[in-house]
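Below are two complexes that have subunit A in common, paired first with subunit B and then with subunit C.
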Partner chain A sequence: MATTPHASFLRYERYRYLKFASLLCLLSIVAYWWHEPQDGPNGGTWLGYTLGTIGALLIVWLAWLGVRKRRYSSTLGTVKGWLSAHVYLGLALLTIATLHTGFQFGWNIHTVAFVLMAIVVLSGIFGIAAYARLPTLITENMGDADRETLIDEILDLNQQSLKIADLLGPEVHRIISRSTERIRIGGGLRDQLFRPLPQGRGLLDELRRVLADKQRAAAAEAYDPDSSSTVIFMAGEMAQARKSGDAAEKARQLMELISRRNALITRVNRDIQLHAQMQIWLYFHVPLSIALLAALVAHIVSVFLYW
Partner chain B sequence: MRVLVRTFQQQGDQRIATERGLIAERVTIGRGTDQDIYTPDLRAALAHAEIIPDRRGPLLVAKTANGVWVNGTPAQNAKLAPGDSIDIGRFRLEVLGVGGVPELILGYEERRSQAAEVQSRKASFQTRLNQTGLSLRRLAWGLMALLLLVGLVLPLGMRYGAGPAGANARDRAVEQAGNPVDDSVWLSGPVSSAHRFFVEDCSACHEKPFQQVQDSACMACHKDMKRHSDDEALLSHPAFAGQECTDCHHEHNGMDGINAQSPTLCTDCHADPDREFASAKLPPAASFASAHPEFAPRISSFDAKAGKFMFAKQRQPMAKLRETTNLVYPHDVHLNPKGIDAPDGKKTLACNDCHQADSRGVSFEPVSMEKHCASCHRLDFDPDDPDRELPHGRPDQIQGVIRDYYYAKALQGGVRDMAAPAVVRERRRPGDALDAGSTRSALAWADARARQTMVDTFERRTCHYCHEVQRTDDAAMPWTVAPVNLDEHALDGARFDHAAHRTEDCGSCHAADKSKASAEVLLPELASCRDCHGDADSNTAVPSGCTMCHGFHIADSHQFGPAKALPAKHPKLSKAEPAVAPATKPVPAAVPEKRP
Partner chain C sequence: MLPGNCKIAIVGSGPAGLSAAARAAELGVSHVLLEAESWLSNTIYRYQKGKHVMAEPDVLPLRSPLEFGAGKREAVLGAWDAGTTNLKVNVQHRSRVASISGQKGAFTLKLDNGAELAAEVVVMAIGLQGNLRKLGCPGEDLDWVQYQLDDPDEYQGETIVIVGAGDAAIENAIALADHNKVYILNRRDEFDRAKPGNLSGISKAIEDGKLTCLFNTKPVAAENAPAGKRLRVATNDGETELAVDRIIARLGATPPRAFVESTGVTFPNKDPNSVPAVSPQYESNVPGLYIIGALAGFPLIKQAMNQGYEVVEFIEGRAVEPADAPLLREKFSILSDVKNIDEALETMRRRVPILGQLTPLQLREFMIDSDIRAPHDGEIIFELNDYSDTFFSVVSGTVVIEADPNDPSKKFTLGKGDFFGEMSLISGRRRSATVKAGEKCVLIESPRRSMNKLINSVAAVKRIIDEVFLRRIIQGRIAPTLPPEELADLVSSAEVRQFRAGETLFSEGDAGDALHLIRKGSVTISREIGGKDIVLAYVPAGQYVGEMALVSDLPRSATARAAVATETIRLDGGAFKALMMRRTQVRDRVQEVYRTRVAQNVVSQSKPMGDILEFMMSQGLGEATDVLLIDEALCVRCDQCEKACADTHGNVSRLKREAGPTFDKLHVPTSCRHCEHPHCMKDCPPDAIKRAPNGEVHITDACIGCGNCERNCPYGVIQMGVQSKEKPSLWRWMMFGGEEPGRYHPKKDKNAAKKAAKCDMCKDLDGGPACVRACPTGAAMRASPEQFVKMYRGGH
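Up next is the complex of A and B:
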């Protein structure tokens, strides 16, 4: 983790903020352990108010990262330093806020604020893990290529395979034509996060029928219902085309194009998936942070309104 | 079939239409150059589709198994109606008219160039999360608005809007309970069971916004709450002067009441009372298990001159303590397991034959002569008439009762006593008058007999058995019987609930079966409590905080409430003089005395 450049903010200034946050947690825990309020630990003792104040200030400051990172001209520390502190103090917040509750929970706005805080911190932890792990995988998957170029290439390969398929007869053209229409890159939230679904059954059934028509029962039996379907179909097609050398050559070319295209689709979809996984935590972290600020205001107002 | 094909082309800003007519059995559509309508898109089949006349109108028939996209859905054949659009690759055919002359008018347009088509295809891919309808901003603002509404605006509206009406907290709480919109999301924890009946009415305790709960809110119901001491000198000490209910009582901490359980509330002062409260002369108490003063029972002594009992706390081992009860009562004799002689044979006594629990089970009904002693300790005085008994507890009447008894007997005659004069012995008819001499002699006998019986009763038998009897010179009342103290509440500083200890044998705390004299104090030592009871945080003994036995609100008269103006520094405190009477000095009893 520490070897990737993405994780280096964690080691900022020789773990300066890790040390600071650990000290803060340690002091809080010792104080909590030492403090024996008359009616059990809760947010209303002097230590409870102290931890609550520290926690609230931390939340506001942690949320301020969203502002600070947009102020490119700011000289108040580097964004890297802020991020390092953000991570470690955010983790410390989990300890401090938990001690602030005195482990008293209920169905109320106070516990809602705590739960929101916990989800925000946990999503942040997921974010750190994602930033530590996924960039390596993205680089492994994509190499020097970029996604736009690969998509251009996929569409280009579609055109080329259609041209060749046209020469192999209307039935082959039809199958390839449908296949080019049905390629799936990216998609909805679920598709992006958990890989695109394999091609629909309609196409598979039709391919089977075509294969039966052409009396290639054997090929139809071995047919694998996966995105590589076109490739397998082409293998059968090639076997028949071997009679005429030209047709065989064309079929081989077509198969090569389609398998290259499918490999590219897999790579692009993998890239989309990795990027989605690297960003999804933000969709919890950021909106719930804002929700947390609202819950925090409600918590503080209600507690002091009904002091 | 006659068909008009209207070809649209975009030239600069203008859309130009050119028309051509077709007359054919069928209109062929496809990528093949021989087709009537030529759609040079690689995705189209050479012969892609045909339009044939049908009796219901023109019918589109797909020539490829992939189908043709009609109005956005793939179809194998479709009856064409005006407004239908047919997509073949990047070409679009639109049905402009049907059923007239010509039978079919088709619009034909290349929607976009091949390059644009590729770009549009590319743009249709959703490759980023923010293209899936997720928006950080919308989510953030939406959640923020929701939480502010539910967590702040609605409850605030409850507080400052038209709140529930009602004369008291209970009425308002009932009114509010019927309201589906409430501010219970603000409740910081469960309210104690005693306060639940008005939990919906927050303002019952939280009188003013942004102000801590005041004593006045508590005192609205708890009117008579006493302070810790009656000594104003002590109460002016800072520890008490600014004291508020909420210093010890915290609400919203659970069902089990709001009484503070922490012993430190007491031991902060009582661990070393001399540091701040030397004048109170209190023994230090820091922990029940290890640092608690020995019991100091209230011990009675008798002031014979005044005829009154005096009481003083004495902190000594119980075995050494002796109190004065003015009663002769050896517990060991009465509890003899072999039984004791009773008028109707041997009788074995148990503790609860005399000590009967009171209705709450906390303590005991007073022992009474009539209920508990009289069945054995008969008050008869004349062997000839064993059912005739003396009144108990009225020594002043005894002389009269005994004299009257013997006067009547002497005057009636028929007494079987050889030493008595004849007039007393002889039987007479009722109504027979006696002469003065006989009467004098009969009454003289009766006087002597009564005197003898009284000496017996007071000094040898009946009274003497249990009481301290004194002979006097007063002819009207020749003997006095000292008053008796049967007071059982000897430990004033603490509560003790006998019912809670019902499963214990009496003898495990009170060594009554070995006690030879009523002067012995049969209270248990502190150590015997410690057999079971430990500190408040004990894991191995009954956790026993101070408040298990002791109360805080123990003043006799001083109440909480509008504070009396006390000097900031009470003169008594600064001089550290005894603020209360020294505990060891006997003080006259306020308890009603019991007489024999």
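Up next is the complex of A and C:
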């Protein structure tokens, strides 16, 4: 594929925020390495407080993206710039917060806050991966079409196959109408995420069987040995043959319509799956961020309370 | 029932005719108002129920015995019905006029039903809609034969025959087929007049057996037979009969022009948009025959009603100051020495040759649309690369044109009677020079629409502008410093050529016999490489193509094709070569362009973007000035772009992210391309669609919600919607849920007027287009065609 002139948020302003975040991490690490407090590195030293303050401010600022991206008339940078900074500074937060702990963990609110922060950052990393990979897969799956058009087409193919099935007798009609009633698009969260709903192979097999039976029956009827000698029958047989040829043609059309429909259903479900996969991480990232903000407040309050 | 004689016969009961009749009734002048239908004002009567009727232009006072104000269709029609009854207007319904003959004082009007009446003067107010074509066979006026379908859901379980093969017939047939048995009658064997969408729709409906099409079939008679309603039809195999419940004939309308011409009234040219010229008293070239309303070129209701009032005053021999006089007085107020408007108008006409071609009424209207400007010495009128498209005429003083900001020697002066700004008007592109006011300069600045109207209705104006355009573009592009005499041969060899989209200007291998200056539209250059046509370059209006073959004497090295409907100025190769021989500076200049183009072609062949360029051309890049593009590999389908658009534009998004075609991974969402010659501007009654200096095509508050622009846009980017100012609070949504900013759909207010909404490139917002600024991943981008090509070629 040719590259488009578009530039990803990851490359924003020639990696401005990657550079900035790396520098921040580097400075923190150097300071941590150089700083040798009496009772070992921890959050209570001057460096610990500094890193803690930077980390807390970063968390609040990172969460502010949710506000900024909905302020559509804001001229404070572009959302792309914000997201670029959000990603790189969010990754830097992992280093800074870890250094802030001085690797002192325990069963307390402080560690809860740290763990929440780590999960939020990790879900964010998942998000970056999803954003990098899935959009292309969605395009490859859908091509030029959009979901609504495909669903319209599926409904249309249903109508067409019902019409043909009508001509092929009640049994076929029953099978087709049952299958159209059973079409499932989307489904529950688990279905959406992991399993594009399969469209019954069983249906096509059943259809094929019924049609073959019918054809055999028709052929048997045509070769009724008792009346094969009469001229009148010859004409009848030819008509019958034409009729069964016609039915065979109809059956072929029907099979084709159903296969086409099923292929479309698979495509739509795949589209739903990809969209779900692209968004699911946000359902962790955002609520956990809010939990993190709460834990952060508790952490800070408790630190100052027990000072 | 008809009075044999009256003073004023008024034909057509639209706003203009109705107002004229009401004024005549008020004055007690003997009159008759002839209306073909059983109701008044057929065009407005046919508006969809509850449609909001606007009363533009706001500044114009209403002058009519009838009431009129913005409001619902029912209220407007109700007020007119009441006024007509109160004033005892003599209305004759179902009186279609078949012919008008005679002269002032003794006109004879023949009606369709054979009746005749005499009148001293005739006021024609029949509008431009024309008459619906009827079935053309016995029974065409039966009550179950109709020529209109308001609501397809009104009919269920009927057998309906649709007659016609145009878009209206197809749309009706498909809509009715859901609940009725539908036949569609086509005189011919295919639906070749239909839009592609309708064509595939009807073919599919026929194939699916949803409805039955009778090809090569004509109606013979509709009749109430003893057994029921019957339609006899003639097919190739003979006549047959259909049992029907209803016939709906959609056969289009006959434009009123033929009828108008049959009365002796002349039109200025063959252009279907042209209207007959009338005097300031609305009298046509036939004395005693007056024309008012849309047929006289005044499509707005209020203008038409005012003219109805005024025309009766004129006929009664009273001089009325036209309703627009206060407006004109205000326009002229900038010139302190103007006392009398009529004199001032006359002075302008004398001084500016192109205005000399206008009738006094045309001039008045032209001046109301235009602005008079008196810029001080040295003031910039417009700058190079501005996107404005107004046209300027110099009334007095001078202006200085600076073609090249870096080269102060390239400038020339225009004086009284000259005009400028025609380049942008014709090509739809940016200004090609900077213009500054000289001493004591007075200018008329006219909007693009008024100019186009003039060009369409006054042949001499078109000729003058075309000639000047030709001379200036040749001078500007090829020989800026040559005296005009040197160019005379070349100019006289020039001719304007028109090409449809996709048509070839010249093909690879042809002998090079001419140079094409692109005057409007754009051209792609392609070359056959490996058996496939590869597009190498895109050449916009204002540039030229075809110089290579002239300079090198080799056959054409590439094929030039019109990307959109294009006009070029074809300059003859012989005259051009002769000029190059005589003048080395011309040769040098052309060779310079030639060299850069050769170099460019080498680059493009090494970095082919043929397919993508071709795709973009099919998406209207060839006439675009700015396109929204989405890289689907970056797009996370969050719809931030749409939300940002809705949030910043009255809760109506002007773009649809998901809709629109995709090529490779480049997606062109349904969003305005800001065309060079915007299709939406073509037919906007209140002239509400404007182009801003940076190129944004936008809709002003003057929109009356008629929907013409929505229909005219080939890219489907205009929507009719109710815009609202309120916005949900972000914090309330974050804390308590409810309406989210960007996804807010206010409750539908039935009384709210729908107006057209389209992208305005956020011209009123700081920071540029909200859709691009709100895109988190960098997938959304806006680019001009030139930027697009450059970015693709040059990577990032």
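Points to keep in mind about this one:
As a convention for this text, the second predicted complex is superposed on the first by the 252 of 307 C-alpha atoms of A that agree within 3 Å, B and C clash if a C-alpha of one lies under 4 Å from a C-alpha of the other, contacts with A are read in each partner's own complex, and residues count from 1 in each chain.
The rule is simple: a contact is a pair of C-beta atoms (placed from the backbone, for glycine too) under 8 Å apart; a residue touches a chain by one contact, two chains touch by 3 or more.
None of the values given here were measured: they were computed from a predicted structure.
Overlay on subunit A: subunit B and subunit C fit together in the combined arrangement. Using the contact criterion defined above for the overlaid structures, shared-chain residue A:T50 touches neither subunit B nor subunit C, since it reaches no partner. In the superposed model, A:N42 makes contact with subunit B only, not with subunit C. Of the two partner chains placed by superposition, only subunit C is touched by A:S73; subunit B is not.
Once the two complexes are laid over each other on the shared chain, residue contacts for A:L305 go to subunit B alone; subunit C is not touched.
In the overlay built on the shared chain, the residue A:F9 is in contact with subunit C alone; subunit B does not reach it. Using the contact criterion defined above for the overlaid structures, shared-chain residue A:K163 touches subunit B and also reaches subunit C. Contacts of A:I272 after superposition: subunit B is touched, whereas subunit C is not reached.
A simple residue count on subunit A separates subunit B from subunit C, and the partner touching more is B. When the shared chain is aligned, subunit B comes close enough to touch A:H173, but subunit C does not.
The superposed three-chain arrangement places the nearest Cα atoms of subunit B and subunit C 7 Å from each other.
Residue overlap on subunit A between the subunit B contacts of one complex and the subunit C contacts of the other covers 147, 159, 163, 275.
Only residues 1-9, 11-12, 66-67, 69-73, 75, 78-80, 82-83, 131, 134-136, 138-139, 143-144, 146-148, 159-160, 163, 275, 278 of subunit A touch subunit C when the two sit together in their complex.
Subunit B meets subunit A in the complex at residues 31, 42-47, 64-66, 118, 121-122, 125-129, 131-134, 136, 139-148, 150-152, 155-156, 159, 184-190, 202, 206, 209-213, 248, 250, 253, 258, 260-262, 264-265. Those residues of subunit A that touch subunit B in the complex are listed here as 36-40, 42-44, 104, 106-110, 112, 147, 151-152, 155, 159, 162-163, 166, 170, 173-174, 177-178, 180-181, 185-189, 192, 206, 210, 268, 272, 275-276, 279-280, 282-283, 286-291, 293-295, 297-299, 301-307. Against subunit A, in their complex, subunit C makes its touches with residues 208-209, 609, 612, 629, 631-637, 640, 643-644, 647-648, 658-659, 661-662, 664-667, 730, 734, 740-742, 765-767, 770, 772-779, 781, 783, 788, 791-792, 795-796.
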